[in-house]
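Presented sequentially are two complexes of subunit A, the first with subunit B as partner and the second with subunit C.
Take a look at the complex of A and B:
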């Protein structure tokens, strides 16, 4: 990675920290501690499941919100503040700017997720008193959540490269929802016929696929997650994010910034 | 090539490669997780929970669930085998009609999907009655639901008194269809007579506003007519055999011998096949999905 990309990424991370993005960790900590103590008292034998379900869902939702709302402003805010011109006046290529911004936000999300994961495991230890081999699936679920953030950040950046922050947020959130039902979408596409089938199938495969990245329920029940799923999900997230980033670069390269 | 063009070219290639690669990976992931495909997924089995989650968009959610029910039925029907089961059909229909109690097609078509005998349907007449009674309670002004209820009682449950009651309601209610009233009398007096069943399907065919319903009714009427025609024609073949000491070579020979007035056609308008051992078969059995006679043995 070039030094220029590294600098842009680091500054993006620093800016997010300055924007108090990581304050959500406090809320998350309160949520996890409260849920762990409360559920231990009012439920029977599902404390572990609730901690995992609630913890991982919160990690995912917090991260998605951060990825969308920070991601959509990555380019727009730089243009609005006119700081982009200062950056591009230096020997920084536009694609380096996009890739640096992407890596910076992904880095922020990874750090955020790391601290949240510590919270989840702490709550898990509190309710279960010890860790088991099956808890490894919680770590895998957290890894898949990070992959989900990688894809969403790339999408937010793609939309941010050509539209307003509000429209970018709407489009990214819409794709997040669609991606959650991506398997159904492909299922419906497979049931159509003729030319419509071809068009709908292509559309369905262009949508992000978040369904395979969601193994929260499995990890709550300590079910093992196949190594091949980890491999394919990783490959998928890298490729999809790569495509979205490439699209963002192509648009941003041609964008008139005057 | 300038630096900018090189970058554009490189990222365009990257875009295409990544898009194709992710599609291939998704395809592979779908194969790895077959249990997650549409067919057997009943996301939330409780309509009450769904109503809360829908934030007031019950109608839209009902439409989605109805579509899911249709796709579930259609997919299983198109790939049916003797062991095909429709376990999720009633729960899907129940949720759909809980979400929108006025979704009449869900009651009408749903009851039809449920009552058809397996593997062409779920063979769950009891559930069809439950669904239609729910529909009648929520939509008492819909004569069609009473008619469908009577239909299930008559044809599937053989409860002719209950069928007569339902037909009477459908025919005599304000805004009802008086053409159904003769069915009430026929059910009460001639319960179990196949002619009543045929008349019911014929009435369904005549009254149907949906092409799908009309085609289904037509297939039933044709199948019933075929079930009547085949024994008649085979009796004529037997008559020829008794007269000539052998089976006829074809329909023309039977017509020339005066056993039949001409070459017979099946209810779909095609010529029958006459086998060497004197059996009568149709040429296109798919036009008679409900027939029990005249269908070539596929095994």
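Take a look at the complex of A and C:
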């Protein structure tokens, strides 16, 4: 990685930290602590399942909100405030800027998820009193959630490279919702016939498959997650995010800065 | 080797949604700035100064033409190691301190990590901001931001510095300091290309200036040569008020102080004016040639419209 990308990524991370993005961790900590204490008193034998379900869903939700709302402003804000001028007047390629901003936000989300993961495991330990081998699936679920953030951040960057922040947020959120039901969408496509089938199938497969990245339910039930799925999801997320980023770079390279 | 060669750069925008029409922001022209020059890029608001700078910085793409900066293609990112740029009304990352901002820009410009602290100390001292090194930019006034803007443009010790309205937002003291800074950059052998609509700054600092109006290059030359074209005014002072109507009829603007009248008029009206004073049997006190300023040049040459001043553009 070029030093310039590293510096841009670090500055993006520093901006997020100073803009108090990580304050969401406080809400998360309160939520996890409250839920664990409450669940310990009202649920019998299913405390573990509820803590994992609630914890991982919250990690995903908090992260998705951060990825969308910061992601759409990553480039748009720099253009709007013209901070980009003094960056691009240096030996910084436009693609380096996009990749740096992307890595900076992904880094922020990884740090955020790390602290949230500590919270989830602490709550798990509180209600179950010990860790089991099956808890490894929680770590895998967290890894998949990070992959989900990588794809969403890339999509937010792609949309913000050609549309307004508000429209970018709507489009990214819409794709997040559609992607959550990607498996159903593919199923519907398979039920169609004729020429429509081809078009609908291509469209269904173009949508991001967040359903495959969601193993929260399995990990709540301590079901093992296949190594092949880990590999498949990793390759899928990297390729999908890479394609979205390449699209963002192509558009941004041609863009006139006002 | 010229520092800047603008080779017919052109920028046209499409405006409107349904009925698209073209708006010309910059018409093609040739312009060369030599190394070591302080070059003023002048013109009223909307003349195309900022468009030119954005084109040269690669922030917008031209509709046609090209440019060379320090002998290299203007789009070459590596060339940008040797140039500095201060945009108009700059805005910087306000969550950073002055020191952090300058370190970030120095890193992006490829300055060796070991050199950065001393570079920062030096430029902060140069722009008079040492005391604010560790203050976040969100607490800075407009003038302080402008100083930091100048500091970031020179943090990597560039050979060529582009400054877009560098005096904007500065108080008289601040303007003087920036003027001194531009002069000191020149003394170090650097080329400075700065746009301004404050003509007195250009008169004080520039070896040569280019005058732009409505996206068109109207003149290039040494300030004295340009102002000589619009010179030819004289100030006449006399005692008494009887000749005043006659002098006003000659186009003179009269101002009366006690029993003295002062009028500024075109040089060719001097003889008729003196005749008028004699006829009125009033006492002539003085006749003084008035040195034209760039402002006079602007008012006379650009005020009336967009007629091209033939033969003034050096190709």
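FYI, the second predicted complex is superposed on the first by the 257 of 258 C-alpha atoms of A that agree within 3 Å, B and C clash if a C-alpha of one lies under 4 Å from a C-alpha of the other, contacts with A are read in each partner's own complex, and residues count from 1 in each chain.
One rule holds in what follows: contacts are C-beta pairs under 8 Å (C-beta built on N, C-alpha and C of every residue); 3 or more make two chains touch, one makes a residue touch a chain.
Source: prediction; values computed, not measured.
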Should A:203 be classified as contacting the first partner (subunit B), the second (subunit C), both, or neither?
neither
After lining up the shared chain so the two structures overlap, which partner does A:166 touch, if you call subunit B first and subunit C second: first, second, both or neither?
neither
Touching partner for A:242 - first (subunit B), second (subunit C), both, neither
first
In the overlaid three-chain picture, which partner chain does A:191 touch, first (subunit B) or second (subunit C), both, or neither?
first
If you stack the two complexes on chain A, which partner ends up touching A:19: first (subunit B), second (subunit C), both, or neither?
second
Once chain A of both complexes is superposed, is A:91 in touch with subunit B (first), subunit C (second), both, or neither?
second
With both complexes overlaid on chain A, does A:11 touch subunit B (first), subunit C (second), both or neither?
second
Where subunit A meets both subunit C and subunit B, residue numbers
93, 254
So in the complex, which bits of subunit C are touching subunit A?
54, 57-61, 77-81, 83-87, 89-93, 95-96, 104-105, 107-110, 149, 152, 156, 162
Going by the contact rule set out above, which residues of subunit B touch subunit A in the complex?
4, 7-8, 11-12, 14-15, 18-19, 21-23, 25-30, 32-33, 36-39, 41, 71, 74-75
Where on subunit A does subunit B make contact in their complex?
93, 95, 182-184, 186-188, 191, 205-206, 209, 211-212, 226, 228-229, 232-233, 235-236, 239-240, 242-243, 246-247, 249-250, 253-254
Mind listing the subunit A positions that touch subunit C in their complex?
3-4, 7-8, 11, 14-15, 18-19, 81-93, 254, 256-257
